[in-house]
Amino acid sequence: MRKLNVAILGATGAVGQRFIQLLEDHPWFQVAELIGSSRSAGKTYGDAARWVLDGNPPAGITDRVVGALDEPLESPLVFSALPKEAARLRELELAEAGHVVCTNASANRMLDDVPLLLPEVNAEHVDLIAVQRARRGWSGGALVANSNCTVMPVVMSLKPLRKYGIRRLHLVSEQAVSGAGYPGVSSMDMIDNIIPYVPGDEDKMESESLKMLGSFAGDSIVSLASTVSATCTRVPVLDGHLVNISVDLAEQPSLSAIIDDWQTYQAASPVPDLPSAPDYPLQYLQQIDRPQPRRDRQAGAGMMTSIGRLRECPVLGYKFAALSHNTVRGAAGCSILNAELMAVKGYIDGFQMTVGEAAFA
Amino acid sequence: MRKLNVAILGATGAVGQRFIQLLEDHPWFQVAELIGSSRSAGKTYGDAARWVLDGNPPAGITDRVVGALDEPLESPLVFSALPKEAARLRELELAEAGHVVCTNASANRMLDDVPLLLPEVNAEHVDLIAVQRARRGWSGGALVANSNCTVMPVVMSLKPLRKYGIRRLHLVSEQAVSGAGYPGVSSMDMIDNIIPYVPGDEDKMESESLKMLGSFAGDSIVSLASTVSATCTRVPVLDGHLVNISVDLAEQPSLSAIIDDWQTYQAASPVPDLPSAPDYPLQYLQQIDRPQPRRDRQAGAGMMTSIGRLRECPVLGYKFAALSHNTVRGAAGCSILNAELMAVKGYIDGFQMTVGEAAFA
Amino acid sequence: MRKLNVAILGATGAVGQRFIQLLEDHPWFQVAELIGSSRSAGKTYGDAARWVLDGNPPAGITDRVVGALDEPLESPLVFSALPKEAARLRELELAEAGHVVCTNASANRMLDDVPLLLPEVNAEHVDLIAVQRARRGWSGGALVANSNCTVMPVVMSLKPLRKYGIRRLHLVSEQAVSGAGYPGVSSMDMIDNIIPYVPGDEDKMESESLKMLGSFAGDSIVSLASTVSATCTRVPVLDGHLVNISVDLAEQPSLSAIIDDWQTYQAASPVPDLPSAPDYPLQYLQQIDRPQPRRDRQAGAGMMTSIGRLRECPVLGYKFAALSHNTVRGAAGCSILNAELMAVKGYIDGFQMTVGEAAFA
Amino acid sequence: MRKLNVAILGATGAVGQRFIQLLEDHPWFQVAELIGSSRSAGKTYGDAARWVLDGNPPAGITDRVVGALDEPLESPLVFSALPKEAARLRELELAEAGHVVCTNASANRMLDDVPLLLPEVNAEHVDLIAVQRARRGWSGGALVANSNCTVMPVVMSLKPLRKYGIRRLHLVSEQAVSGAGYPGVSSMDMIDNIIPYVPGDEDKMESESLKMLGSFAGDSIVSLASTVSATCTRVPVLDGHLVNISVDLAEQPSLSAIIDDWQTYQAASPVPDLPSAPDYPLQYLQQIDRPQPRRDRQAGAGMMTSIGRLRECPVLGYKFAALSHNTVRGAAGCSILNAELMAVKGYIDGFQMTVGEAAFA
């Protein structure tokens, strides 16, 4: 099989590096273009980028020449790790030019016709692309976004509970520093300290989570009608965002029923068979002091959400803690999973993939 | 003036060391007896204790011989930093033997006739001692407790809001490791990690806060009738507990009214004139990313509570962050302040102190 | 192929857990017996052990019953992660009883007839076992040790330089907290701090490194005759010991010659073909700020030593930094590699393995 | 007494903030001008500066307007916390214009006629100012520098040993992040990690230490003729640089003689009586695991150097660890102490101060 060429926008940054790392041995996609800012363009990747992940870049990456953001791309599939302002117009231009763009940037997430896609939660939202293409007159291009990295553990853990009626949500996050990119948070702010504020994230928590848990009404997404209160804090952890979640449900399931919902949860086919999807997207940890960022962020190669401490909340009914790896499941890994879903659903021209039972049909 | 002799129980532990440190130049009290476990008794303090605070023990402490817990004490005033089980009976025995015991241990905090005292919040609870003495047949002895260290920033920040009617409270703490004593939390649990659970603290948050904010009804404390939900987490911070607080109030004051309540709050005389009391017990920080443990825990020599980020909570109405130094305001410093109040109120036989205007009368 | 049963002594501790983790999919060995202290014996592993590594124990481990240290073992091969005092006699007893014991404990390392084995450095020392068996009258049993975890990066990086004549060594380590086990170093000692002392390690650095770099003279090991000065410090890092090494060589090779020595270094056959051996045991990192513990400890699945910053030392001639993963290469991983060498060399009765070219002969 | 007006260059940065903090209640000097970059000039200090030290800026500072670096100054005394390149010419211009400039910048430290002043070590170097003025034709102006922050603990601890003949020095530092300023080192580089390299510092260690320990020959400084090898590493510590020092002495004093040298060391009058000088600049800690950055950096209000672990070094004869607070003793505090010495020595026109016995004459 010939792999599909992909371009990575913002390839020198921390999330761009995760894309490179996660795509190293990807069965369907291969990195063909590395795109950087004007400061990086024309240099080799090794000269332009300071590799901040563990170890070293995959073989062959260091000598590639970084391309410029304002020049045409050849790859049909584009992953964007651009900063917000750089992303806003460029992502739309590339989609208009026929590229399928899977973005991790926040700029276009809340546009009406852009799905905020998380395959295990709302795979059906991918069909908003037909609306998007029709409305904008795009032929082969498309733009799908994944959510803010702190929203991930929230919507992943709440999806199986949506059936009970989610009325009110109270969220307090403890977020890793990699969420702010590199260099991001100064070590002078993080040694022996926490910061009780993360710029912009509380608003995203309150809006994006409802859009993601919303339903696809044929031509638009109807956000979940819940009340959400979010507080975001930064802690001295490298990777892994933990959220303390209290939730008021319309029904009153038992605690064991909820744990069972989590343990058995799987999205409908073909999602569990996508290459980057874990067998089960959720795990419930019985130990009273879990999940912990360092010990649980790598579950399912960083793609599982770990949940723990489910108990009654005197104020809202139920409370628990949920954790996801913020730069894998919460960023690059989710964009790649979104692209895999697009490929299976036939939204990437000339690159129709089959997985699961279908593959043996 | 001759200073009052005090004994410190559990003098070799982390909180015991804070007592020694804070009493070094105390104007009224002087350390006369250092009491330790059977393992420490008979050794010099320098041999028995591993000093874990910054710097070194005050001059003269190192050569003192540590006394045994089961032997009679001579000091009229006793500060207890005992572990819970060791504290339970011994504190009552010492009070019965005529000592005024100010304890930081949790064992006896919720006894009906033991005031859970925090002078800026509930100085009037000190008069429960009369009930205590009458009921137990004690003459000069008494037992007063201070609350769990995580409860401090909660009740300190809520006291000025009690007039608006506190209906529901949702608390998520981010607690420093010194709250677990020494050696306490392993570094293998805290490097690049947080722990979403602190043994025992959630229950204390939910019960002690209501007792402390309760009213003294002449012969008993009537706890505040609010609903409290607490989640306690541990973060890699040395000192300083931060609590993310959401509160549902019966009235709807403006945000600026609340900030003004905090900025101007002072307890009634004589509390602000006690030696260990800060001029104002609360400060509201305007910076959007404060309070922070490392930067704000030392406010008012560790005795002030710092508050920040007041804003509307879509779920409960109001939310904000509050921070106190957990081993100063939240432990040893509060016990000392309690003892100062006792001295002024005449509850320490033969040691009646006067402060403030009274001093000039 | 039927795998060889192995027992792990001290299975509930941090190094014991590494043994379990590294043996999970081992091609030759399988965990058959988990041995713990009297406090753990009789309980299931899940009840007896607090798993401190990332994630959870391998499937099937949690329900195993922990055996007692003083009872006979069935497994031919024994890995010891015992504390020093518990190890001293028991390891010798087990070897006498016919078990091949590969120990990570320090108790018996410097015995004349116990090889301090590191296959890439001194594979020929394994033949000291013949001497050991003869002298002690053991038949199938044997005892081989691996060195202190901080010695690893020193001897690994110096082995290729031994040909230049190592006259003097000056070592300053910056060691991870996992070197002290769990709970080990208190978080109150490690937040915003370093400790300029590690009990016992400086002596081990100065003696074990010379024994390991020594030559096998047919019936004994002749330690290298160099002068060593070691300073050991503890830093807030989870895993990975870094040592700043200055060395005085008899010859004066160029810096590039030394780098080439490192880059091309391989032990003689069969070592590179052992299952746990990396292809190349050393890597030289060109970046001026490497090796770094977090970014480089996982090189070669934790079995490679990373070296960097080679430059002239005005005092001793050459200086550089070397890093190894202290609980993989520096502890459990090395013991397993030692056992693999024993199996290939025919020192495990009835379990003669072949690797490399020999396997295809 | 009227205090002398001082200007602070680079007032918004981390070292500039230390100047402001340390000068808050200074008996002789008062902050009159706060000078920043073009980006800060014209704004209030509160708007221009992000306060990164603990707590908040001293009262009255926040509302001051920041002045521009290229405009004339009025204050006779100038403290410079400028970046290297900005410092190079501007400091000389200001000295030429008649200001006494005490700089923490590295740009002009190694100029032949600029004293690298540390009053407890080389107070006599201050008289190089006469040479400087004569050579450059300056009247009232002067430029004195203090050394790199990592050099401080080295020269402070070696000064009392200079009499034994310092032949060779081997230095390995473990440096705090505040040495790199704010934001400086990324938290993504410091969580669970150390960096074995600090740009520029090894060269400074090897040159500045010899100049500081050198002798004033009437018209120039003759550097100490020793061989120095320095390795500089960065560790996750906020403040406090620790250096592991090995030294080869011409004479062979006993360990206790050296400890006695340290314990009793005082500079000649008037240094010990300067307002910012501690009574004794050195302390030797008997505990085997000290000095530690967090526990010992505040000794003597951050102006003492703490030494520990003196023992024999098999390679160089003696070894020990020394620690100083890098932004107090190692930066702003030293500049202020230098200015105090200048004032007493009569090098600040119209501001002749007297201290110690002289004050009572």
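Order of writing sets the labels: A, B, C and D. Residues in every chain begin at 1.
The rule we apply is simple: contacts are C-beta pairs under 8 Å (C-beta built on N, C-alpha and C of every residue); 3 or more make two chains touch, one makes a residue touch a chain.
The shown structure was predicted, so the numbers you read here are calculated from the model rather than taken from an experiment.
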item	value
Chain pair showing more contacts of the two, B-C and B-D	B-C
Farthest chain relative to subunit C (centres taken as mean CA coordinates)	B
Centre-of-Cα separation between subunit D and subunit C, whole angstrom	44
CA centroid of subunit B to CA centroid of subunit C, Å	48
Distance between chain centroids, defined by C-alpha means - subunit B, subunit D (Å)	40
Contacts with two or more other chains, residues of subunit A listed in rising order	189, 191-192, 236-238, 294-295
Partner subunit C, residues of subunit B touching it in the complex	14, 52, 177-178, 182-192, 236-238
Interface residues, subunit B side, partner subunit A - complex	168-170, 172, 174, 189, 191-197, 206, 227-229, 231, 233, 235-238, 242, 244, 246, 288-295, 308-309, 313-316, 319, 321
Contact footprint of subunit C on subunit A as seen in their complex	53-55, 191-192, 238, 294-296, 298-299
